[in-house]
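You will see chain A twice below: alongside chain B first, and alongside chain C after that.
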Partner chain A sequence: MVKESKMAEMQRVGEVIEASTTDFVAQCYELYQIPPLGSLVKTGDLNAELYAVVCNAATTSLEPGRRPIARGKDETSEEEIYRSSPQLMKLLKSEFGALVVGHKKDAKLYHHLPPQPARIHSFVYQCTPAEVTEFGQSFDFLNILLNARLTVPTEELVAASLRQMSQAHQDPRVFLVAAGKELAILLSGNLNQLKAILGRIRQ
Partner chain B sequence: MSLDLTKVAAQVGSMVARLKAGGEERKKRLKYALDILHDKSIDPDQLRKKIDSSQTTWLVAGLVDGLDQCYKPPFLPKEFTVIATDGSHIDVDRHRSTRCYLINIGTVVLGYGAQPQALLDSFPSLYFGDEDLVIAPDGAKGREQPIEGVLLGIKRSVDECHRLAELAAELPKGSFNLALLDGSLILWGLAGKVYPEFVTEALLNKGFLRYLEDMRKLNADRRLALASYISFPRSTDVVNALRVAICPYDPADCDRYCPNKARDCDRISGVQDRELFSNTLAPGERSALFTSQSKIVRENYGEHWVYFFYLRVDDEIARVEIPQWVAKDEDLLNLTHSLVLDQCRRGQGYPVALSEAHEQAVVTGVDRETFWQLVEASLVDEHLPTPTSAKSQSKRTRWV
Partner chain C sequence: MNERLGIVVSGSLTKGVEVKLDSSASIEDMVVGRFVTIEGQKRRFFGMINDVSLGVIDQKLTVTPPDTADPFIAEVLAGTSTFGTLHVSPSLVIGGDAIAILEGPQPVKTVPSHFSVVKLATQQDVELVFGTEDEKRFFIGNPLDMEVKLCLDLEEFVKRSNGIFGKSGTGKTFLTRILLIGMLQKSQAVNLVFDMHNEYGWAGTREGGPPVKALKQLFQSRVAVFTLDEENSRHRGVSTDGVVRIGHDEIEPEDIVSLRQTLNLTEPAVEAVYQVHRKFGKNWLQNTLDLKDSEEGRELLKELNIHESTFQNLRRGLATIRRLPFTEPNPPTNAVKAILEHLDRGTNVVLEFGRYRDITAYILVANMLSRRIYTQYQSRMEKATATAKDNLKPRPLVITIEEAHKFLNPEVASQTIFGTIAREMRKYNVTLLVIDQRPSGIDSEVMSQLGTKITCLMDNDRDIDSVLAGVSGRSELKSVLAKLAAKQQALIFGHAVPMPVAFQPREYGSAESYRDFIPGDKAETEKDIEELWE
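Entry: the complex of A and B
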């Protein structure tokens, strides 16, 4: 219970609606309140906390058969559209996908996949800077990101996650240089990809 | 084997050819009907009296403020709320193991103004008790009417009205509001003496009309108009009033003067009210008010006597029905006109509150099947028998 109340103090961003060993999809509680691409989120139960990197997001109609239509022809601003059709906020949903990159069990952090996937309806929280810093002490998670099959280009996701993580560190540059060295080892056989990522994390 | 469309195609062709051939005749009839509508020599008071004293074989609209008046849309209040309900149901299936039915009521509250808000919800209710499955007369046994088919459809309308009254009761004092129902305020299923009197008493007098009365009373401390909306109406009440106007007999009496023979008024038969008003109303305008003279309204509705007007929304003519207490209160009548029109404009031609209520209420074919699976799985869990008919089985397990 202590763990639960501690989690409640953190920013709750959504709820798991699909889950597998490697990733999960969460629905946001508020429309458009999507955690940034590459940011670290966590979910879990009393047994384990799962850490995941936000790897894509989408805002769509709540019902697959009902497509949104253009409504703003006679409105002066985007805000007016939502004011004159207040039901829109209830008929659209924002979702994000997150790639599981590690887990914590019995206060010990692991940078590899957990034994169980997330549970449906478990809450998803944005990790605090302290948690991000702790998680970023090892770059082992980069291997999972580099090998994942994603809709977002791998270079974009790796770079976005490193940029996000660097913000939690006292000296982001030191963190990014260390990450760059790790990537140089991991991608020694793929210099094009290495270059693409380094180009995207350069400050 | 599914429907063989190649065999249907030729028949569709014949249907279209028939419609095309009748086009000129229809135009002629409509033009004549419009001439009568605009005929200034017809005295509305005289016509009203003639309609009241006539005996016709069709339903004639009662006149209130004339025939061809057009009213421009009134101004919208700055802050207002529109509430609506709609329903869907799963009927009793005699081929299934359990006798029960489900009514799902979708509800919508849309607040406009400085603090826009939307509440969308649905309330499914499963009815399975003996008292829910039949309507029984007080004290007498053996005349119970099972609630299924048409009667279930009527009960659903009553439930929609009940839920609407509950939503309306929560509206803030001093506010401007419109409560919307889909379809007609007249419970047509109860007309024509198909069901015994106690059924009408239970569903209409102690049901539908009671909830209308609850909503009427809410006007003590807030403004609440109530209306039902019929898209693409097929009614001919007003055209039938024109038939009375051109009837050479006064009072008209179809059975007496024109039994089994061609009638003068047949020159405008087949014309529908919406065709008339699509030629007279400009976008946003409403027609004159009319009253329904149907027997069920005359005998039961009292203060909730059904009035109606036609409203032009872009290309469509809709029929809006309102109870007498809305029709006779100019502010509520104007509120109905302006808010229904505004709802249609926000909803691409159909009131957005009603279309969202429908979306909340809808029960799809897949939902139905899943519901019955849930019922049967639950029975199996409790080791209860789940006998189903052989017919139902054969439909579910198809074989060659």
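Entry: the complex of A and C
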């Protein structure tokens, strides 16, 4: 399959282990290999590709009731701990949550929620700069981010995602100004939130 | 030039529309008086910026302003949370409409729909509205901040009485000179200028510069200069075509009526003029002044029912007239006739007053001459109408008067000849060009009859109100008028222009400007340029 192989070229970061219409949770293949907060990831099948923004992440014990304990009392560095207890890498897991902000169907990009949620075990890829640029041509996704109920403060997530996206653009400042203008309109009634976001994305 | 400024967001036909500026357009580039076009869905509108204001999306921003020292935040907020708005009053429909395409710009009867795009007017748009320079239209200046030529249809202009207003030193005289040249070139009308300050005949003064050429120097064969003060004209090196002397017997009671205020005559004294005129006939002025304080004289006064003090008041006034150096008992020539002959031939006449700048002389002479001309024109026009022969109609005449409020103030406007001309002489092919710095002193009835008004800066509220009386959208025009520069900017509105426009009059006074006025006279201009370098 051409599509599959094309996807394989991209950086695969994990696999969906929990999914709903608005978001999904993915587990990373490698411990601590979590995509940055606010970065654009995608998943999906042959029908549609789902785009999502990484909105939180956590590294926890594999077993819910079993908490890790401090082990470094006699070690000189953090690396030493992992070297002396190699099983740790298998007993811990890194997960991240992503907020679905759009989808692509029949080569057309939509900045709204897909008809179906992601499937469990579907692969999650980090988006390429070209994809990020393409997705960032419309700021409609900002509305989804602003209205989402998350554990991460909204301002932080919006600012992080814009900062991440701006990296993919040739002139990050132009992108951020345009995004700022969109935010100024969306947040016309909430000046404090606007100020908080602008303060976090200013160049 | 076809710059997008913003979009229409609200408004009404009577109050004009509000335009939200795009963030790309700087509010500081928007100036009151500039022309814009609005691309409605079905029609194109043409209008003028009347007001510029600042808006915020949330009032909180005005209380807790953001940190605009940061250029990023300033750039983001500009045009979104904070934005500029323009107040535009659309005045014409210039396209889209079937009638507008066939018959040119039409007055607006509706407003553009929501979110119509507003652009700066292009040269083509302005030309479409004001026309281009041709055999009827004369280039008078540029609309403010535009390189486009503003043209005035002078054929249309001279059909009505017109006014030029403005404070002293704002450029009324220069503007008048330009208009006189325009009328001379582009219309059939002939001009009679009562030139109180000797500005229009041979040379005019300029603040902080050498004198500028006036009509006679530019159009030798088409202008005749008459003077009341031969000696003064000779001193100034003006070649005159005639000297005006006024015979005492030429002065009529009506001439005294208009001088009532300047001569400080009482109401009964003015009444008495008619009585002595009836008694003495043509030589009434001489005879009245010669009347001795004798038994005989008193008898006569009693017979005429004139009170002694009234008579003294009248005598003092008449003595002032007799002291005017250009009045004589028996002048050798008939100046009125000579001037009329020139006008008939199509020669423009400038009457210089030389040193006799006092208002008594000016009112007396202007009134006398105009009255004679009025009678002539009236009878000729009536004859032409009666016989239905158009070629008998006298040539259209424009009489230019300065200090017009002295002739046209509410007390005398109904009595002087100028009041009559302003009101009804259009029918007899005579119109006025009124130049004044106190328009509030002019009778409102006369003001309302003025077709086209051109006004330079004025700061007195009463003057502004009287000039703008009866104009639609006057509060908007008021803001434009108040923002004119102190010099060389003017606002024109009324009959001869499709919509009000603020403009900068064309240059006058340099060798190039003279060349532009006289097409084809290259040799003369080159000589002038050489003189400039000497």
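One rule holds for everything that comes next: the second predicted complex is superposed on the first by the 203 of 203 C-alpha atoms of A that agree within 3 Å, B and C clash if a C-alpha of one lies under 4 Å from a C-alpha of the other, contacts with A are read in each partner's own complex, and residues count from 1 in each chain.
The rule is short, and it goes like this: a contact is a pair of C-beta atoms (placed from the backbone, for glycine too) under 8 Å apart; a residue touches a chain by one contact, two chains touch by 3 or more.
Here the structure is a predicted model, which means the values were calculated and not measured.
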Fit or clash between chain C and chain B when superposed on chain A: fit
Chain A as apex of chain B and chain C, Cα-centre angle in degrees (nearest 10): 170
Touched partner set for A:H112, first chain B, second chain C, both or neither: neither
Partner chain(s) touched by A:L194 [first = chain B, second = chain C, both, neither]: second
Which of chain B and chain C A:A184 touches, first, second, both or neither: second
Which of chain B and chain C A:S84 touches, first, second, both or neither: first
Least Cα gap, in Å, left between chain B and chain C after the two complexes are fitted on chain A: 51
Interfacial residue positions of chain A with respect to chain B in the complex: 63, 66, 69, 82-91
Contact footprint of chain C on chain A as seen in their complex: 173, 176-177, 180-181, 183-185, 188-189, 191, 194-195, 198, 202-203
Touch list for chain C against partner chain A, complex: 23, 57-58, 60-61, 64, 66, 70, 72-73, 75-77, 79-81
Contact footprint of chain A on chain B as seen in their complex: 108, 110-112, 116-120, 346, 348, 352, 356, 359
